[in-house]
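When the chains are written out, they are named A, B, C and D in that same order, and each has its own residue count from 1.
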Amino acid sequence: MSEKSPNEFISIEEIRQRALEVLTERYGVKAAENYCGKGVGSITGSSFKRNEEALNEIRLRTRLIHGINEVDTTTNVLGVHINTPILVAPIAGSSVSYPEVIQGCNNVGTVCLIGYPQPKKTMQSVAEITDKKIVWIIKPLSDLEELKSIFNAAEDAGCQAIGMDLDSAAGLQQYTHSSTWLLSWSFKPVEELQEIRSWTSLPFVIKGVLSVEDAEQCVAAGIDALVVSNHAGHALDCTQSAVDVLPEIADTVGRKVDVLMDGGIRHGTDILKALALGAKGVLVGRPTIWGYNAGGAAGVAKLFELLTQELTRAMQLTGVSDVKDVPMSILAS
Amino acid sequence: MSEKSPNEFISIEEIRQRALEVLTERYGVKAAENYCGKGVGSITGSSFKRNEEALNEIRLRTRLIHGINEVDTTTNVLGVHINTPILVAPIAGSSVSYPEVIQGCNNVGTVCLIGYPQPKKTMQSVAEITDKKIVWIIKPLSDLEELKSIFNAAEDAGCQAIGMDLDSAAGLQQYTHSSTWLLSWSFKPVEELQEIRSWTSLPFVIKGVLSVEDAEQCVAAGIDALVVSNHAGHALDCTQSAVDVLPEIADTVGRKVDVLMDGGIRHGTDILKALALGAKGVLVGRPTIWGYNAGGAAGVAKLFELLTQELTRAMQLTGVSDVKDVPMSILAS
Amino acid sequence: MSEKSPNEFISIEEIRQRALEVLTERYGVKAAENYCGKGVGSITGSSFKRNEEALNEIRLRTRLIHGINEVDTTTNVLGVHINTPILVAPIAGSSVSYPEVIQGCNNVGTVCLIGYPQPKKTMQSVAEITDKKIVWIIKPLSDLEELKSIFNAAEDAGCQAIGMDLDSAAGLQQYTHSSTWLLSWSFKPVEELQEIRSWTSLPFVIKGVLSVEDAEQCVAAGIDALVVSNHAGHALDCTQSAVDVLPEIADTVGRKVDVLMDGGIRHGTDILKALALGAKGVLVGRPTIWGYNAGGAAGVAKLFELLTQELTRAMQLTGVSDVKDVPMSILAS
Amino acid sequence: MSEKSPNEFISIEEIRQRALEVLTERYGVKAAENYCGKGVGSITGSSFKRNEEALNEIRLRTRLIHGINEVDTTTNVLGVHINTPILVAPIAGSSVSYPEVIQGCNNVGTVCLIGYPQPKKTMQSVAEITDKKIVWIIKPLSDLEELKSIFNAAEDAGCQAIGMDLDSAAGLQQYTHSSTWLLSWSFKPVEELQEIRSWTSLPFVIKGVLSVEDAEQCVAAGIDALVVSNHAGHALDCTQSAVDVLPEIADTVGRKVDVLMDGGIRHGTDILKALALGAKGVLVGRPTIWGYNAGGAAGVAKLFELLTQELTRAMQLTGVSDVKDVPMSILAS
């Protein structure tokens, strides 16, 4: 195995390869390939595959004659200033240790979204980290009393914002499994969403939106930000990709709420495409797992540095100087 | 081999894998893969392949903000109340035992279509089953006297409806074979179809329709229901899939007759897509073979439970509360 | 190896497999696969591949409610009555023996096109066959005197028509070879073509046309029939397939001249598609090689019987009663 | 290994195969395949792949009825008369020896573009070659003083023209590597480009343009020629191919400047397609490496002869008599 320190990695591919080695040793080949490769999501895996496919179908138009030798990658999401428009997506399972991932985020100056539920021990360690920028993504529990208590816990843990992944309402599916995890989660009509939103004064995020109708109802319910996402394919088979619906959603509600996205982001060009389609920032799940497993907090930080470096390069070559203003005209129609 | 009881299967894929083991032992690898895999239908197999392909090309639009935590999967086809809009397709050969398949259907409350010809012994056992919901699909014999006698036999056997798979009129083809089975079947002009229809007071179904012109002639002949189908590719190479023509046919005759479909249905999302395109119900052939071979009547029942569970989930995530009212707007255009 | 007599073959695939065995023994695996498989034509092989691909992209619309239990496959091309709209394409090389191929054609009542140059011995045997229906396809020699003498020889050999494959004018290419065979052939302006045409009172055919402009010039030069063809990909890489241009050409000149086609015809459905797109008949090259090598004259005849049988079946299932009147409406748009 | 002399090669494929052997022996399998095969360019390789793919999607319309038995392949680019519209692209690394490549170009009467930086020794040998036709492509250095000194050196070396590959401004990437070579290059606003252009009275070329906006700015800066190019995929991942943007660029600026292109040219049909889309000439990089490694100067010359022979053939079969006048109507729409 490679003895490189995280800071010596020169490419995302190298980090992915290193993570594949580490995860294979830890969990076996199949699980490692699931984290580092292809073929996951629910049932046939078509939702997961569509994420990378939709991004790959888009081509960039280059612009060379300009003086943009430096670019600005800083932006604001959920009222938080970040150095790069790339956030950590909520990650399920035991594939990362959150304190280290958050430390990696702090090193590069970005936000970490954390999935619920998490082992209490992890939550305690998270609560103790100072100056962290975290968003707690809570499941849509049927029991509103319990749900409210978790909102309070999230506030106590020092979150910058609270969110809910409403696309988990029917449970989540593993590859080929028709049955879902036992759960007591439920869909929420807009009135209930309004009530839930009122429980906290923190910014509130809904994750998993894929239709403009849902996006408009989120706005009606007083939500502050959306994550356009198909949950890496675990919510439903045969859905569209975030990229497929992002332009329409951003066009409709992008001036009222922060529109983020996830699904299939692997390189700087993917990020630039998402920004051009209307996203204010992107979330990365699998690449974070790669970074963590290749080198802990330093690996996560290095991953974000390389992604930002690729984004910077793509911006220069398309004539874009600021991530806060990426015109759709850089995409070939 | 797995020692799981049918009720322990947690996915359709698991049932398919178990059936592959059983069928390989019984008929050898090639036949087993034919039942459980790909590459069948007539000549080049393109009609069969188009079935799955056409369904896979369709993507679902999710809706999350609503209170649909329970859905209604019951409906009526051919005047019969069924608990789930999934019926058993007529299956040729010796790959299933009908009494057990019918028992499986009864367990979940749906209809079994039975192909003709069948060994007389099987027919007798079928006749003895009480409370069964069956439809006898008869070949388009040239000899009208003989055909009429089979209609009478079907009525005596206690069918809820009688049907004819008119797409067998030129015989059926196996993969790569130019020649067809020896037969004395024939096409029927609309006047003859009208006469045939008059022989029974039971609902009458034509199976194999793929054009709106044929669908309209079926209505003119007094038919009660259509199965839009390319006969799993055994009727003709290079045809369209049921899914390709379903919207136009349903739009034209769907208010006058029950429009059912088959071909390529493997998961709950496929069923929901077919319903959104205008089908009142779908038929499953290969999955029934999987269920039966993986666990007899209980295997068939489990297969239908898992399909219905996947359908339920897909309905919730697209905001559909009733299989009798599935809007086309859940499909991405 | 199979010991079946040609008459026992039940599918085109079986004939192809048998030919593959025979040709492998005779010429080695590579040449055999070239005749029986894929990957030929000039340079990258894209013209050859396009032939099958273009046909496969077309889907048939079935029609079942009619009384068409018998169909008429007879037609007239080049003033010759044939029992089936399938002719033998000119075949280069030593892969067939013409006397036997012509005998096979006679057995089924169709026309054999013969490529030039051929060993004189073969030509003599051909001349001696009585009641044959042959068309001699001559190369576009630069030397008009020599060309005229070959026209005379063709008349003496008892041809029903004479043709020229004008797409050989720049030579023909083998797979990957930039250089072409040494030759003294040339392109012909329309005036020269008019003169050449005047040398014989037999019907005159131009083979290799792929543009409506050329088709119109052929009509202007007094030609009687066209073969729309890309020469199985040996004329030029990256051309269109006959099928791609057939509708426009047939629509423009089809009422004035016989429009035939070749390229990629492997099954009855391919033939029906070509007829629906405007062809009066199709030529088959590779399948003829399969039939000959699988069983001599009887193998060729069996091949044509199976193709005609598949065509008949496809006609019935699309509601077509006569090859002389195949509407384009049987194709899915 | 083959003992053929370069003049005996009968196809480009044969030259490529020979180069693969030589390069494998010299640099190992991986590097050899990189030069002779697929899968290069930056990050995912999608820009490189798009080059061949975009050309392969285009099909030619043949024309046979004409008297074009000879064609004219001579043209003028950058004020230089060339015998064939195929130039050598600037090639990085140590895969060729420039004196021999230039000698090969002289043998066939075309222009060699040379990439900067090059070992001084090579530059000296180049300077000593008489009657050479070379264009020096210089990197967009940040330091204008140094850049100017290189312009002077290029003039002294006897260039016919000077160029700059502005798409190197953000550095160049190897496959999968996020980080780029250390460099002090920079993008140039149009005013700076105008100033740079004024340093020489030689024709001035910008290489790497992929948008009509950049092409117009090049014209505004007084540039004489453009190379539409994605730098074989090394500038940015996910760009368009030259072929994708060539028609719009040629239509907008083609009457004011010489529009050349590179990327994916492998055969005569590719060249003819590029000319039909508006290019005045094409550059070949990889094929030059094949020619050189298969046979030095003679190998390069033979490669250009075979390409020109294929081009000639493609012109004849599409009815084109002069490379200076290739109508877009030879392309199937």
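Quick notes on this structure:
Here is the rule we use: contacts are C-beta pairs under 8 Å (C-beta built on N, C-alpha and C of every residue); 3 or more make two chains touch, one makes a residue touch a chain.
Just so you know, these numbers come straight off a predicted model, no measurement behind them.
Hopping across touching chains, the smallest step count from chain B to chain D is 2. Distance from the chain C centre to the chain D centre is 41 Å, each centre being the mean of its Cα atoms.
For the pair chain A and chain C, the distance between mean C-alpha positions equals 59 Å.
Looking at chain B, no residue sits in touch with two or more other chains.
Taken as a graph of touching chains, this assembly is arranged as a ring, one closed cycle with exactly two partners per chain. Applying the touch definition to every pair of chains gives A-B, A-D, B-C, C-D.
Those residues of chain B lying in contact with chain A across their complex are 10-14, 56, 58-69, 267-269, 273, 306-307, 309-310, 313-314, 316-318, 332.
Residues of chain C touching chain D in their complex: 43-44, 46, 50, 142, 166-167, 169-171, 173, 176-180, 186-190, 192-193, 206, 208-211, 213-214, 217-218, 221, 230, 235-240, 244.
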